[in-house]
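Look at the two complexes coming up: chain A is in both, with chain B in one and chain C in the other.
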Partner chain A sequence: MGAYLLRRVLAGVAVLFVASFLVYLLVSVSGNPLAQLQANPHISPATIAAARAELHLNEPLLQRYWTWLSGVAHGNFGTATTGQLVGPQLWPRIEVTLKMVIPATILSILIAVLIGVLGAVKQYSKVDHLLTGLAYLFFSTPVFVVAILLKDYLAVDVNNGIGHTVLYTIGQNTPGTTGFWNVLTDNVQHTVLPVLTLTVVTYAAWSRYQRAALLDVLNTDYIRLARAKGLTRRRVLYVHGLRNALVPVVTVVSLDFATILGGAVIVEIAFGWQGFGQFLFQALTGPVSPDVNSVQAWLVIAATAVIVFNIVADVAYGLLDPRIRYA
Partner chain B sequence: MPEPAFDTATTAVAAREQRAAQAGLNVEARSQFQLAADRFMHHRLALASLAFFVFMVLVSTAGAHLWHYNYAQITNQFATGPSAQHPFGTDLIGHDLLAQVLTGTATSIYTAVVVAAISTVVGTLIGAVAGYYGGMVDAVLMRFTDLVLVVPGLAILLVLAHGVSSLASNPIWIALVLAALFWTYLARLVRGTFLSLREREFVESQWAIGSSDRRIILRHLIPNAIGPIVVNATLTVANAMLVEAALSYLGLGIQPPSVSLGGLIASAEGDATVMPWLFYFPAIFLVLIILSVNFIGDGLRDALDPAQRVRA
Partner chain C sequence: MVHRLSRRWSAVAALGTASLLLAACGTSGGPSTSSTGAVKTGGTLTFALDEDVAGFNVLQATDGEFVLAEILDQVWPSVYVIHPDLKPVLNTEIVSSVKVLSNNPQTIQYNINPKATWSDGVPITAQDFIYNWEAQSGNPKYTDVGGKAYEPASTSGFNQIKSVTSSNGGKTATVVFATPYSDWQSLFAPIIPAHIADKVGFNNGFQTFGSPVEVSGGPYEIQSYSPNEDLVEVRNPHWWGAPGKLSKIVFRFITDDSQQPPAVANDEVNMVNPALASIAFLDSLKGVSNFSTQVDPGLEFQHIDFNESNFYLAQAGIRHALAYGTNRAQLVQRLVDPLTTKIQTLNNHFYMPTQSQYKDNSAGYGAFDPAKAKALLEAAGMKMGSDGYFHPTSGPEKGQDFSLSISTTSGDQVRAEIEELFQADMKNVGVKITVQNYDANTLFGTVGPKGEFDIIEFAWVLTPFASGNQPIYCSYTDTAVCGINWDHYANPTVDKLMDQAIASTSPTAAASLFNQADGLLWKDMVTLPLFEQPQLFGWSNTYGNIQPNTSNIGIPWNAEQWGVRES
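Take a look at the complex of A and B:
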C-alpha cells in the first residue's frame, strides 16, 4: 500500500511537470500580452520595449519556463502581467471557489445515489421514467443555460414574490457585512443558486451510473443468496447491494472532478464570483493577456487537486472492495 | 429430421431454409448491418430523435435561405416579441430572431459534426495503432491522455480558443480546437477495444495465413470495433455542441458575424428578463438538438453494441 501510494504520487508529479511545460508553451504562443499596448498609437516604442523587458518576453521561451519552474520550486508563482504577485492572490480566490465546489459535489453525490437507488429499485416504473427523462434533459443542457434560468427567472420570481432580495445573483457575498449570523445568511443567500446550478448538471450522469451499478449488483448470485437466507429486502438492498454498487460510482465521481472544476469556471462567470475560475478567465482574456504566470498557477493547483482526488478515490475503491489489490 | 453428423455449415443452413420454406416460412439471411438497423428501428425514442435531428438539419439549412429575413439583416422592428411577421421576435438592433436561430442551428450542428468527424478519424487511427502495436505509440498516447485527464479540458480549450479567436468567425477553427481535445477520448476507447480484439482467434488466424497488419486492422479489427466507435462519434456531436456553446458564452466560441446557438443565448443574457424570447428560443433549440443526439446515441448503442448496453 505504501509503495503503491508512493508510485502514484511520483507518477502524479511527473504528469504535473509535463502538463506545466506543455501549457506554458501553449499559453505563451497562443497570444501576445503586448497586443493592446502595441495597438495604441499613443504608447511609445520605448514604453513597449520596457513592458517587454519587464515580462521577460525578450528571453527565449525555454529560459522563461525555467525561471517560472525554479520560482515555483521556491514557492514563488511569479508576477502577473498586472504587476501584482500571483501567489498572494491565490488563496482568497480558491476559498471562493471551494464555497461552491464542495457543497455542489456533496449535494450531487447525495442526490445521484438517492435517485440512482430509487430508479434501480423501481425499475421501469413511472418514477423511474421521470427521473431518467430529467437526467437526460440535464446532461443535455449547458451549464450557463441553467445559470440564466435560475438567476434571471427563478430568482427574480422568488425575490418579487417575497418582496425583498432573498436570492442574490451576483457576487459571492455582500462586502461590509458584519456579525456572524449576518455573514452566514449573506453567504448562503449568495451561494444557493451557483451550487444548485453546478449540482443540476453534475448529478445527472452520476445518477445513471448509480442506477446501472445497483441493477448489476441486484442481479448477482450473492444478492439472491442473501434474500434466500431470509434477510429483509431493506437489509439486502443497503448492506449487500448499495455497498457494492457504490464502488463504480466512486471512480466516476473522482474522474469527473476535473469536469466540475471546468463547470465552476462557467458558473463563476455567470454569477460574477471572483473565484479561481474567474481568475483563470481573466488571466486568459484580461487587458494584458495571456498572463502566463497566472494561468500556470491555476493549472498547477487545479491539476494537483485532480491528481490527489484520483489517488484518494483509488484508495477508497480498495477499502470499499477488498477484491482490489494494489500491485 | 435428424441432422447428418458431418454436414457442413452451408448445407445445414440450406437444409434449414428448405425446411422453413416447406413450412411456409420465409427465411432470409440478414447481415450484421440489417440486424443492427432492425434493433435501431425498434428503439422508438431513438427513431423519433433521428427524425427530429434530420428535420432540424433540413429546416436550419434550407430555412435559413427560404425565410425572407437574413440573419444579418437589420429590420426596423426593435425588441419586439414574437409576432406573425417575426415568429421568434426581434432583438434590440432589429435582427429577426428566427433567421438568426435557423442560421445558428445550422452553424452549431455543422461545427459539432465536423468535430465528431475529425476526432473520430484521428482518434480511431491513433487508437488503432496504439492498441494493435503497443510500444512507443501506445506509451506516448497513454501518457498524453493522462495529461488530458488531469488538466481540466475547459482550460485547454480556453487557451486554444483564445489563440484562434481572431480567426474564429469561421466555425472551422472552433471545430479544430474542440477536435484537438476530443480525439483523445476516441483514441482511448479504440485502443481499449483493439487490445482485447487482437487476442481473439479470428485475428490469430489472419496472422497464421500471413495477412498484412494493414489488412488486419482495416478489414478485421475496425469493422469489429465499429459499434463503440459509431456510438461515441454520435455522443461526441452532443458533447461538442455543449462545449461550443460554453465557449461562446465565455466569448471565445464562434465569433460574429457568424452566429451559433450558444452565442445567441450568451448575447441574450443581459436582456433575458425583459426580452425572454431572445433567451428561450435559442436555448430550447440547443437543448432539444443535444437531447435528440443523446437519444440517437443511446439507440445506436443498443443496436450496434448490445454487449455494452447500459441496463436501461
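Take a look at the complex of A and C:
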C-alpha cells in the first residue's frame, strides 16, 4: 500500500507540474491585462509602461513562468494584478467555500444513502418511482434555477410569513453584526439557502449510485446465502449489503468533493459568497485580467485537492473492501 | 476624473473612455427625487455595488473605477460637485469661494474654508492642491515616494497647469494655467489627502484597507472593508458641516446583477444601480412593494464607428450610405423604449440631450433613407448583383459581394441586438455584414487600438466636461493625445475647433466651438451616434432625499442627506 501511495503521489505531482505550465501559458496569451488602461485616453504611455513593468509583462513568457514556479516553491504565490499578494487571499476564500460545501456534502450523503437504500429495498414501488422522478428532476435542473426558486419561493415567502428576515439571500453575513450568538445565528441564516441549493443538486446523482450499488449487492449469491443461513433481513441489509454497496458511492463522493470545492462557483455567484470558485472567476474576468498568478494559485490548490481526494478514494476503497486492500 | 470603464466593462462595455462621464436625469420634468421631506437621524442604508474596488485611490490608474468614486463621494472632498442637472456646483464646505483672477494667463484663486480639516486633525490647505496637481500633472519632474513616476488615472487639465501657489497661511491656493482650460471646474475632484499620500505613496499607499484609507475630509469615513463583501461608512466625527443623517451606509458588493432584485425583495438591499439597465431587472423590481425605480438617460452613448483604414470605408460617400441605411429610430424603439421613453436617437457627439449645450448638428446625415444609401453606393462605383448585394468595381472585394465585419464585446445582449438590426438594415441596402465579436479585453486592448476592424460598436462614457472627448476625435496621427481615435479619422479643422474650445475661457464660446466640430463629425460621418444608454436606479421608499445622479460620481453624491423618512 505504501509503495502504491507513493506512486500515486508522484504521478499527481507530475500532473500538477504539467498542468501548471500549460495553464500558465494559455492564460498568459489569452488576454491583455493592460487593455483597460490602454483603452483610457487619459492614461499616459508612461503609466502604461510602468504598469507593464510592474506586471513583468515585458519579460519572456518562460522567464515569467520560472519566476512564478520558484516563488511557489518558496510558498509565495506572487502578486495579483491588483497589487495585492495572492497567498493571503487564498485561505479566506477556501474557508468560505468550505462553509458551504462541507454541510452540503454531509447532508447530501445522508439523504443520498437514505433515499438510495429506500429505492433499492422498495424497488419499483410507488415510493421508488417518486424518488427516482425527483432525483432526475433535481439532477437535470441547473443550479442557478434552484437558487432562484429557493430565493423567490422559499426565502421571500418564509420571511414575509414570519414578518421579519429569517433566511438571507445574499452574502455570508450581515456587516456589523456583533456578539457570539448573533454572529452564529446570522451566519446560519445566510448559510441555509446556499447549502440547500448545493444539496439538492448533489444528492440526486449520489442517491442513484447508492440505489444501483445496493441493488447489485442484494442480487449477489452471498446475500442470498446470508439470508438462507437465517440472518435477519435487517442484518443482511445493513451489515452485508450496505457496507459493500457503499464502496462505489464513497469513490464518487470523494471524487466529487474536490470538484465541488473548485466548482461551487455558480452557487457562490447566486448567493454572493466570495468563495474559491469566485476567486477564479474574478481572476479571469476582473478589470485587470487575466490575473495569471491568481489563476495559477487556484489551479495548484484545486488540482491538489483533486489528486488528494483521488488518493483518499483509493484508500477508502481499500478500507471498505478487504479484497482490494490485500490484493 | 474617473472613468466608468471597469464597471461597465463587462456589462455595458463602455470603452472606457475617457474621462468623460456623467449622465443626467431626464430633461422632461427634471430630476425626480424620493421626496425631499423630513428624514430622521440614524439608521442604515445598504447600497448594492456590482463590483469590488481594486484599491482606494480613485485618482490612480488601476483604481479609477466608478464604484470607488461612489464610495468616496462622502469621504474625499471635491471642490465642485456635479449635481443631477449635470452642472458643477461649488462645495463651499471645502472651498468658501473661487475667483477667476485673470483670463490671460488663466488664473483661479481657491479660498479654502477655514474650518476644512482632514479627520486626523491636519487642516486642508493649499498644500493639498499643490500635491494633487503634481501627482496628476504627468510631468516627470514630480515623483511618487521612492522616485517612481506617478500613475494617475487622468492628467486632463492638470497637465495644463503652470503653477499652484499657497498664500494666506495655506488657506488660499492660486492656480495659474500655462494654456487655458475651459473645464477647470472638473479639477480637484476629488482631493487626495496630501500629507498621507506624500508619506505612503500615491501609487501604492492606498492599495489595501488601512489607516491611510480611513482619513476623511467629508461627512462620512470608511469604518470597515471586507474584500468582495462590503464596505461600511460611518459619520466622520470631525466633519465641520451639517452631519450626515444616516448613522451607517453599507456598500454591498453583489457582482452578479441578477442577484440584486431578490436581495431587494428580501429587504437585504435598499438601493440598486445595475451596470446594465435591463428590462428583466426592471421587471423584477416592479413586484417589490414600497420600492421606487427610475430610468434616466445616462451620460453614455452607443455608437457605430467606421474604420477609415478600410479601402471602402475610407470613402465618405460609402460611410454616409451605411449611415443612411441604418434605422436608428427602430433601434431605440426595440432596445430602449421598453425601459424609458425619455430617450430618442442621438444627434450630437459631444453633448447629451440632458445637457443644456446639446444641439442637433446632424444636418440630416442621421436620417434613415435606404434609397439614398443605395444611390450613394452606386455613385461609389458599386453594381447591384443578382444576389441582392452590391459588388464593388474596384478594391480588394472587386466583383464580389460588398461585405464588412462588425465587432463588439461578446456576451452583451444590447450590443448583440444592435448588431443584428444593423445587419438586417445593411442587407436591405445591399451590404453584407458579418459579426466578429471579442471579449472586452481583446476588443478594447487589441482590436480597437490596432484598428483591426471594419465597423465597431460600443458605448462611450462621458463626463459633463466636453473636453474629455478630444482624444476620440482628434487626428489619429497625433498618437500621444489621440490614441483612442481608432477609426483613423483626421480632420485638421476639427482639431483646431476642439483646441480652441478647450482653450476658451468662456463656457458659451467653448460649447459653440464643440458644436461646430460636431457638425463636421456628422459631415465626415466617421462615427454614427445611436442613443444614450439608459441608467436604472431603484431605492426603498423607506428612505428620503434620494436623487439619482447620472454623472461619474453616481447616486451617493448627496448621501449625507439620505435618511429614514419620518412616517
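Operating definition for what follows: the second predicted complex is superposed on the first by the 320 of 327 C-alpha atoms of A that agree within 3 Å, B and C clash if a C-alpha of one lies under 4 Å from a C-alpha of the other, contacts with A are read in each partner's own complex, and residues count from 1 in each chain.
Keep in mind that, in the parts below, a residue touches a chain if its C-beta (ideal position, glycine included) is under 8 Å from a C-beta of that chain, and two chains touch if they have at least 3 such contacts.
Computed from a predicted model, the values in this text were never measured in an experiment.
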Evaluate whether chain B and chain C can sit on chain A together after superposition, giving fit or clash. clash
First (chain B), second (chain C), both or neither touched by A:Ala46: second
Scan A:Gln36 for contacts with chain B and chain C and give back first, second, both or neither. second
Just chain B (first), just chain C (second), both, or neither: which does A:Gly2 touch? neither
Looking at A:Pro88, would you say it contacts chain B, chain C, both, or neither? Reply first, second, both or neither. neither
Touch test for A:Thr285: chain B only (first), chain C only (second), both, or neither? both
In the superposed arrangement, which partner chain does A:Gly176 touch: chain B (first), chain C (second), both, or neither? second
Based on the superposed arrangement, let me know which partner A:Val156 touches: chain B (first), chain C (second), both, or neither? both
Pick one for A:Gly230: touches chain B only (first), chain C only (second), both, or neither. neither
What is the contact status of A:Phe139 with respect to chain B (first) and chain C (second): first, second, both, or neither? first
Could you tell me which stretches of chain A are touched by chain B in one complex and by chain C in the other? 31, 148, 152, 156, 269-270, 285, 289-290
Chain B touches which residues of chain A in the complex? 12, 15-16, 18-19, 22-23, 26-27, 29-31, 132, 136-137, 139-145, 148, 152-153, 156, 208, 212, 215-216, 255, 258-259, 261-263, 265-266, 269-270, 280-281, 284-285, 289-290, 295, 298-299, 302-303, 306-307
Would you pull the chain A residues touching chain C in the complex into a rising list? 31-47, 50-51, 81-84, 89, 92, 148, 151-152, 155-156, 159, 165, 167-173, 175-176, 269-272, 274, 278, 282, 285-290
Can you check the complex and tell me which residues of chain C touch chain A? 1, 3, 5-6, 9-10, 15-19, 44, 51, 54-55, 61-62, 64-65, 138, 140, 148-149, 151-156, 204, 207-208, 224, 226-230, 232, 248, 250, 252-256, 259, 262-263, 265-269, 439-442, 444-446, 448-449, 468, 471-472, 480-484
Along chain B, where are the residues that touch chain A in the complex? 143, 146-147, 149-156, 158-160, 162-163, 238, 242, 245-246, 249-252, 262, 265-266, 269, 272-273, 276, 279, 283, 286-287, 290-291, 294-295, 310-312
